[in-house]
Amino acid sequence: MDLVARKKLDIFIEGHALARLEAELGRAGFKGWSVFAGIEGAGAHGAWRQTGIAEGDARLVIAIGAAEAADAVLAWLEAYFREYPGVVAVSDVGVMRGDRF
Amino acid sequence: MLDSILNAAGANLLAPAILFFALGALAGWAKSDLTIPDQAAKTLSLYLMLCIGFKGGAEARASGLSADLLATGALGLAFSFLAPFAAFAVLRAMGGLDRTTAAATAAHYGSVSVVTFAAGAEFLRASGVAFSGHMAAVLALMETPAILAALLIAGSGGGAASRTHRSALWREVLLNGAAVLLIGSFFVGLLSGAAGMERLSGFVGGAMFQGALCLFLLDMGLLAARRLAETRALRPGAIAFALAWPLLSAAAALLAARALGLSLGDMTLFAILAASASYIAVPAAMRMALPKADAGVYIPMSLAMTFPFNLVVGIPLYHGVAVLLAR
Amino acid sequence: MLDSILNAAGANLLAPAILFFALGALAGWAKSDLTIPDQAAKTLSLYLMLCIGFKGGAEARASGLSADLLATGALGLAFSFLAPFAAFAVLRAMGGLDRTTAAATAAHYGSVSVVTFAAGAEFLRASGVAFSGHMAAVLALMETPAILAALLIAGSGGGAASRTHRSALWREVLLNGAAVLLIGSFFVGLLSGAAGMERLSGFVGGAMFQGALCLFLLDMGLLAARRLAETRALRPGAIAFALAWPLLSAAAALLAARALGLSLGDMTLFAILAASASYIAVPAAMRMALPKADAGVYIPMSLAMTFPFNLVVGIPLYHGVAVLLAR
Amino acid sequence: MLDSILNAAGANLLAPAILFFALGALAGWAKSDLTIPDQAAKTLSLYLMLCIGFKGGAEARASGLSADLLATGALGLAFSFLAPFAAFAVLRAMGGLDRTTAAATAAHYGSVSVVTFAAGAEFLRASGVAFSGHMAAVLALMETPAILAALLIAGSGGGAASRTHRSALWREVLLNGAAVLLIGSFFVGLLSGAAGMERLSGFVGGAMFQGALCLFLLDMGLLAARRLAETRALRPGAIAFALAWPLLSAAAALLAARALGLSLGDMTLFAILAASASYIAVPAAMRMALPKADAGVYIPMSLAMTFPFNLVVGIPLYHGVAVLLAR
Amino acid sequence: MDLVARKKLDIFIEGHALARLEAELGRAGFKGWSVFAGIEGAGAHGAWRQTGIAEGDARLVIAIGAAEAADAVLAWLEAYFREYPGVVAVSDVGVMRGDRF
Amino acid sequence: MDLVARKKLDIFIEGHALARLEAELGRAGFKGWSVFAGIEGAGAHGAWRQTGIAEGDARLVIAIGAAEAADAVLAWLEAYFREYPGVVAVSDVGVMRGDRF
């Protein structure tokens, strides 16, 4: 199995910013991403829990792509996180069909 | 007179909806693992809004859209927009809250709580007091202006979202789901009128609405107790505000409503709207608009203090005063 | 006559269910953040299918399972299986769609929409036109054959799933949840009969069913508008097909139903079934069976064009023509 | 007499709720992709508990909280606490289960199933047999003691949670959501009495309750069939226990209830409680308290064998015997 | 803490293929996996969002196991992805109790 | 983009232990974490699926933090996993604003 090296971003972000982040991912060159809903968490802005009415709308966005694309998104996130809660972690992954990322 | 008011207050305490709220609060306080699945809670709140809007519209159609609606609507808009300025001044004067958090908190108190309104309407129905269908429209109108006021108050200071992130904000503020569903259902009720009401009355009213309210209030009780427990100590000032502001706001609302010549039921409902604080639409908007405001302050205040206070004490109290004023 | 048809069409436009669909479409178009939680929407659709099946079965029991059911059922099976061949020929002739996408799209139009059926049945009920309980069984029978037809049409060409992945396909096609629940509830209604209906009538019919339909159509409106907005430009041919095919299909269905001697209500419902397109069971099957077909074509066509067209224009129109034919 | 019992048993088989259970079981067995969204299923089970508790409380208020409740409650507590010791002895004697798994299984059979109770109450209602509101309280009381018994039985042996992880256990056991909601709703019903019942009767009873029960049993059927299919071969002993224990337990319960002088309806319900096994509260507690016990044994036994057995055979049978005893 | 090196697969796949993928994981030697439901995403086959009725049924399957097991599953996935939408990313992780993977 | 190296824990655990794990994360020095709900899975304790009533309450806890914090939590988990089902995987990630972890 020949795997190609790519970057994987795990981005924890509030729901209201999702559309803007997705636009940014597209602009930066990501060809795909997946979004998951969290149920609780904690961070510098305190703890939250998705209970009852819509208080918690934390999202995990997983985006796999080229290093340059990742860099572009990280730059956008750096500015974004100066204002809003959230966290991003970058890791190395291998993928098949590298041209699709 | 006083007797009948106290009776109604007593009956209110024993209404199933209030008791289910108490049950939830107790279970939450005791850290029971009882929970209402979150999508069920969201669906219940959509259902309640749909019912309130639709019934309001259908009733407004039946009784005609009068000048009353225009007047009460204008009063509601004014209240929702102006109250945050007053609330902000008080909150800042009391000290302890930074500018941004005070502005965000003020927005919550200018806006309204759909479920407090629903509980108030059920209280009136149980007491046999009539009110206008168009109060549902007033409710919808009062959701949003307070948010705009808070943005003005906070200005472009430290706490507000920067330009780049503001594009999405106006949509959130003006087209938030709660307002759209309330106003939209009001128009659906208005357009479909008696024929529509005949088809849907068993869905939007009666036992089903009551039951959904019970289930939702059970969840609100759980939530309020858990929120209170998770809260880092609130300053006494914040607590005092959460309990005293509703009284002040209701008093002002009653006087204004009296001056406008509203009916007894409408006066009561308007006071309830003024006294209530938002805990769905406004927090969502504030997360976006004033991200530096401390949600650990405004959520417990509106959800865990003002909401139960209005539910248990406020509703019968405001109605009692309205009765005295209306004489 | 024409008057009463136009009146019914007008009343249809002001029925709460239609207005809630419009509200959803408007909110979706305006990009409001209003959403029905997805599990609630799925539960609503299960509930609607359970009700339709059960009521159909109980009514079929009451009126006896007649030769009518056999005849109408056979006609429905034939329609669902044959329509895709015709639709495929038309879609290919119009150009613009590859073979696989055309086959998948044809499957959608051969199959049926449960909610269009429900809206049609409510329309008839509001107009005081009787129809047979067993039409629910016909609905269930028409869900699946179109999928088989599409598999035959697509053949083992480029777009179809390869052998290794086909094992699970037949189960999906024959035992898809929608068909199982519809047919199963029909049999539950048939077996439990009047006694069962007496217990459940307030659950499967009346205001509760109406209300659930409103809520579901609100969600469909949101979905249709969002789908339409997300769609990369559809070719004019696809749009024309989505609006003209229902007319053709309904016309053919009306003639066939007339030839079979169906009652007025059954004629209308059969035309509605023929005109409607699937957006739940068939897309799920196509993702599995014809993965290379473009969902960006068939979903907007069936969900965002054909569905609203039938809801608003089609139902009263087909009924109007049925009235003329039935004289 | 025998005739009327057999008639009732036959009618039970054709009740919609039972038929929907069968439909679910069939669909699950055939591996259809039909599923009830999990949050909907959880909400349904909360709703059923709320209704059962509330109706019980309101009826207990209407008929007065008698010595009967105390006596039956005490009997229920004793049954729930003592049954696990007997069940454990039998399970160990039959061989095949390790000590911890046997203790956990015994806890399931000492505790009760809310939905079996609901189905039994509906059976009685359909048969025109009266029963006491306070049986709902007995149901709630019988949920928990069996868990404590199992902890005593398992002791501090290999399977039990170690000291460090026990802190959270008592809360889970004593304040599990099911028990809190059942008992809490009972008190809400008790306090709000006839006035509350008048408001909520269409929500907690009638067609809506029946319908929810149908939907929930559909899900239980799916679940039972899937559980059965996923199960690694259960030993014959376990299967025999799952079908024979309910008979033994119901027999003992009927004799005890007769000795206490309970009414016919209450006798039947008490037997049903004794015969039923938990599949919500107890499994959750066991995952925490006895993590080494094999859930692949106790879940299929209680959910996929004992539950359907009681539903289809047990309820009419226990009632038939109660009729004979009550003469 | 002595951690043992294993491979972690993050597999994004449609719901209808889940049972087959799980069977494959078992065959390949994985002793465990976990499945999560996505709420939206985008990729070569377009964007999707889980709203209303059951349109989106994207799943994230996380499976941790030995390198050989991972290779076997990657081979299966390669063929599968030739026909169906989906993506897989491979990364290195450390686990305790290595014999359980 | 200058990224700082941190450890990422992917912890699969039953819902009843969540509160205790979160307390432990805090004690160990993690400043944040996120929790997700699984829908099915398999492992040494058998397969489970979240269907119908509340049987499956598997959680994925993602916690990003310093190596020492990770070690402390791993020690706690080692004891916990001796009694209860669950799995943890450790990987290396890069984060922005390293002081926040």
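Going by the order they are written in, the chains are A, B, C, D, E and F; count residues from 1 in each one.
The criterion applied here is as follows: a contact is a pair of C-beta atoms (placed from the backbone, for glycine too) under 8 Å apart; a residue touches a chain by one contact, two chains touch by 3 or more.
Predicted, not measured: the structure shown is a model, and the values here were computed from it.
Asks: So which chains count as neighbours of both subunit A and subunit C?
Replies: Touching subunit A as well as subunit C, we find B, E.
Asks: Once the contact rule is applied, which chains count as partners of both subunit E and subunit F?
Replies: Touching subunit E and subunit F alike, sorted by label: A.
Asks: So which one's got more C-beta contacts, B-D or A-B?
Replies: Looking at B-D and A-B side by side, B-D shows more C-beta contacts.
Asks: If every chain is reduced to the average of its C-alpha atoms, which one ends up farthest from subunit F?
Replies: Computed centres place C farthest from subunit F.
Asks: Same residues or different residues where subunit B meets subunit C? The copies count as same if more than half of the interface numbers are shared.
Replies: different
Asks: Measuring between Cα centroids, which chain is at the maximum distance from subunit E?
Replies: Result for max centroid distance from subunit E is chain B.
Asks: Based only on mean CA positions, could you tell me how far subunit B sits from subunit E in angstrom?
Replies: 45
Asks: Nearest whole angstrom, what separates the Cα centre of subunit C from the Cα centre of subunit D?
Replies: Here subunit C and subunit D have centroids separated by 40 Å.
Asks: Report the inter-centroid distance (CA atoms only) between subunit D and subunit F in whole Å.
Replies: Computed from C-alpha means, the inter-chain centre distance equals 35 Å.
Asks: Give the residues of subunit F touching no fewer than two other chains, as numbers and ranges.
Replies: 36-37, 91
Asks: Would you give the residues of subunit D that are in contact with at least 2 other chains, written as numbers and ranges?
Replies: 35-36, 38-40, 42, 172, 202, 208
Asks: If two chains touch, include that pair; go through all of them.
Replies: Going through each pair of chains, those in contact are A-B, A-E, A-F, B-C, B-D, C-D, C-E, D-F, E-F.
Asks: Quick one: which bits of subunit B touch subunit A in the complex? Just the residue numbers, please.
Replies: 35-36, 38, 41-42, 45, 161-162, 164-165, 168, 172, 219-220, 222-223, 226, 230, 279-280, 283-284, 287-288, 291-292, 295-296, 299
Asks: In the complex, go through subunit A and note every residue touching subunit B.
Replies: 14, 16-17, 19-20, 45-47, 49-55, 79-80, 83-85
Asks: For the complex, which residues does subunit D have touching subunit C?
Replies: By the definition above, subunit D touches subunit C via 11, 14-16, 19-20, 23, 26-27, 30-40, 126, 202, 206-208, 210-212, 214-215, 218.
Asks: Over in the complex, which subunit D residues touch subunit B? Could you list them?
Replies: 39-40, 42-43, 46-47, 50, 54, 171-172, 175-177, 180-181, 184-185, 187-189, 191-193, 195-196, 199-204, 208
Asks: Considering only the defined contacts, which subunit F positions touch subunit A in the complex?
Replies: Residues in contact with subunit A: 1, 3, 6, 8, 18, 22, 26, 31-37, 59, 62, 64, 91-97, 100.
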